[in-house]
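Below, chain A partners chain B and then partners chain C, in two separate complexes.
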Partner chain A sequence: MFDTALTVNDLLFLARGAGMTLLVTAIAVGLGTLMGIVFGVVRYQVGPWWGAPLTFFLDIFRSIPLLIQLVLANAFVTTVLGFRVSGFTVACGVLSLYTAAYCAEIVRGGIEAVPQTVRRAARSLGMSWGQDMTHIVLPLATRVALPSWIGLALGVMKDTSLVFVVQVVELLKSTQILITRLQEPLFLLLICGLFYFLISFPIARFGGYLEKKWLAND
Partner chain B sequence: MFNYTFRWNQALKSLPQMLEGALVTMEIAILSMVIGIAIAIVLTLFRLSPLRPLRAVAAVWVEIARNTPALFQIYMVHFGLGSFGIHLTPYLSLLIGIAYNNAGYLTENFRGALTAIPETQTRAARSLGMTSLQAFRHVVMPQMLRIAFLPMTNQMVWAILMTSLGAVVAMNSDLYGVANDLNARTFRTFEIFAIAAVIFYLITKTITISARLLAARLFRY
Partner chain C sequence: MIEIENVRKSFGSLEVLKGVSLTVPKGEVLTVIGGSGSGKSTLLTCINGLEPIDSGRILVDGVEVHAKGTDLNRLRRKIGIVFQQWNAFPHLTVLENVMLAQRKVLGRSRAEAEAEAVRQLKHVGLGDKLSVYPSRLSGGQQQRMAIARALAMSPDYMLFDEVTSALDPQLVGEVLDTLRMLAAEGMTMICVTHEMKFAREVSDRVAFFHQGVIAEIAPPEELFGAPRTPELQKFLAATV
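Up next, the complex of A and B:
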């Protein structure tokens, strides 16, 4: 097994793939979280009836395989609309909306976890809606939402492995390219898996720690 | 409006084929859930056991399942085992890959459910003369499965969505595989995958809604 044909160049190729994985993750989680916060607040504010169209729209992203979302979005943008966009753009767009769909749920759950009485107290002290949101709801909801949000961000990182369908070469795809060339599937897959694990595991542990710590203080 | 002519007829003609694919998708998802739940129960037992090696097996299984992409796990089953001379069919690779993933996530769900069951119940069962296995089997497990019912249905939806990953191991009989093949023959990418998306949506919605109705009936007290 240690008699491998892997060269330094191949390792650089893998590192580029890993960089692509992290880049797509960062863009998707960044944009997705912003949109998710907006969607989540809107959904909470307008109530279940008026929020139904938004709920339905976001639900689509959670009920269809990401692979199909990517293929569909790519076909729609490039052939139906006829735009010339790279697979990278499509991948980031779809993953952002996908993240936003989950994030909106987390945000709504976080806001709902803030007791109504606390918010009414804030309003009767003369705070505006915006002040109530930033000074009362935000800190309290974050404690509920942050552990789930960490889980979501890690989930999105793992899901970026699907962007190969729109011709983005990320870590798993570059591993696969090397497997085809070197014919050492086990060794290469172990390197790839180790990379994902080393990023995901500590952060997941940290999320679990936060959850436990904050639960104890409630 | 669009500079593109939709040809829904052509795509709709292959609807029966896609529905057959949907059946295979559901079959894989259900089998992987059954296997996943069985393994997760065993792993939960391992986790509770006083023997370190058993606890380590459970921990390693859960952490790998939760911290690497499902796609990687399916690759590993198909190509990783392949380098040990074990060559599985795409169907089996996909099934084992998803079952492995399910088992990992479900074990974690079960652990969460266990925290809601008071330790005193186990002790009461033990003092009634049950062995620890009996106590788990008759007292703890039924409650654990009930508390974890909704997370389990979530996992079922995930299993349905994960079947689309079979594409990477050349699986072509599930819904995604059928759509992919049709696409390669007709190039009506948008129409075909839109239909596949609708079928997937209907399947997952049916599961979540019926699970909610079932939960309301089963656990009303």
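Up next, the complex of A and C:
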């Protein structure tokens, strides 16, 4: 197993794939979280009745398998609408909405966990709705939501392995290319797994660190 | 001056305030007593516009609280309120708790806000807790922090909504002492309370709430010494 034909160039090829995985993840989680916060606040603020259309829209992204979303979105944007966009753009767009759909629920739950009495205290000091949201509600909701959000971010990172269907060569696709050439599937998958671990581990640890730090004050 | 004119307020089918009228001039300490559910606390949250009212009107320095064009955020700067539950902002230190609204609402600089916060926190006896998080404070200390937080906004009026009701008995005294100090300094205050001894001591007038109306209002020696209505007589007999 350790008698391998893998060269340094192949390793660099894998590293580039890992870089693509990281890039897609960063864009999807970044944009998705921003949208998720907006959607989550709107969902909380307007209540279940007026929020129903938004909830339905987000449910679509939560309930259809990502692979199907990617293929359909790609076909829709390029063939039906006739836009000339890259698979990378489609992948980032779909994954962002997918992340936003989950994140909106996490944000809504976090906001609901902030006691009304604390918010009343903030408003009674003359703080506006926006100031209350920015300085009291979102910081407190973040503490509640963080573990779920870390889970979401790690999940999205692994889900990026599906974007090969829109011709984006990320870590898993790079590995498959090498497997086809070198015929060493187990060894290459081991290395691929190691790359995923190296990306995930710091994120998970950072979440754990924040939780511990906040817990010390509670 | 706070002027309350024939205010009515219902929660669903339950009418909590049934035509309350009351005038509190600057400098007065008014305590409000009465049974649970008599509408005392609701009246306070109506005064700073946290609760809408159904009819009547409330004027603070001539500004109608519930009028359409009233800037409530601006009005609330001059009305401090402290609740039964002390409602610390748990993610901020004691000092930051007292600085936040000064910075964001009054637009004070960091240095100004900090100086004022330190002054108010020392005033309520928390000068040694500045960098502590609220979870490390006792209930009485958290309540005093909430008082300092409201005072730091330099309000003209302070409303206290049963501020000692959620405290352990041995912590009630320190909070009441803080209120006594404020009263002695001439702050205009409306205190909803169950502490009769305190009401008797600090008040210029005491209002007795019963079933959504002010059944009796008089200086303490008169109200406690010679209660006129049978409801008040019964209430006092039950609480003493």
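In this section, the second predicted complex is superposed on the first by the 202 of 218 C-alpha atoms of A that agree within 3 Å, B and C clash if a C-alpha of one lies under 4 Å from a C-alpha of the other, contacts with A are read in each partner's own complex, and residues count from 1 in each chain.
Here, a contact is a pair of C-beta atoms (placed from the backbone, for glycine too) under 8 Å apart; a residue touches a chain by one contact, two chains touch by 3 or more.
Only a predicted model underlies this, so the values are computations on that prediction, with no experimental measurement involved.
Contacts of A:D159 after superposition on the shared chain: chain B is touched, whereas chain C is not. Of the two partners chain B and chain C, it is B that touches the larger number of chain A residues. In the superposed model, A:L186 makes contact with chain B only, not with chain C.
Contacts of A:I68 after superposition on the shared chain: chain B is touched, whereas chain C is not. In the superposed pair of complexes, A:I136 makes contact with chain C only, with no contact to chain B. Contact with neither chain B nor chain C is seen for A:T89 once the two complexes are overlaid on the shared chain. When the two structures are aligned on the shared chain, A:M127 is found in touch with chain C, with no touch to chain B. Shared-chain residue A:L81: touches chain B; no touch with chain C. Of the residues of chain A, not a single one touches chain B in one of the two structures and chain C in the other. Taken in their complex, chain B has these residues touching chain A: 2-4, 63-64, 66-72, 75-76, 79-80, 82-84, 157, 161-165, 167-168, 176, 179, 189-190, 193-194, 196-197, 200-201, 204-205. Here chain C touches chain A in the complex through residues 48, 50, 73-74, 76-77, 79-81, 83, 85, 87-91, 100-101, 104-106, 133, 135, 146, 149-150, 153, going by the rule given at the top. Listing the residues of chain A that touch chain B in their complex gives 60, 63-69, 71-72, 75-76, 79-82, 154, 158-159, 161-162, 172, 176, 179, 184-186, 189, 192-193, 196-197, 200-201, 204. Listing the residues of chain A that touch chain C in their complex gives 115, 117-118, 120-128, 131, 135-136, 139-140, 143, 214, 217-218.
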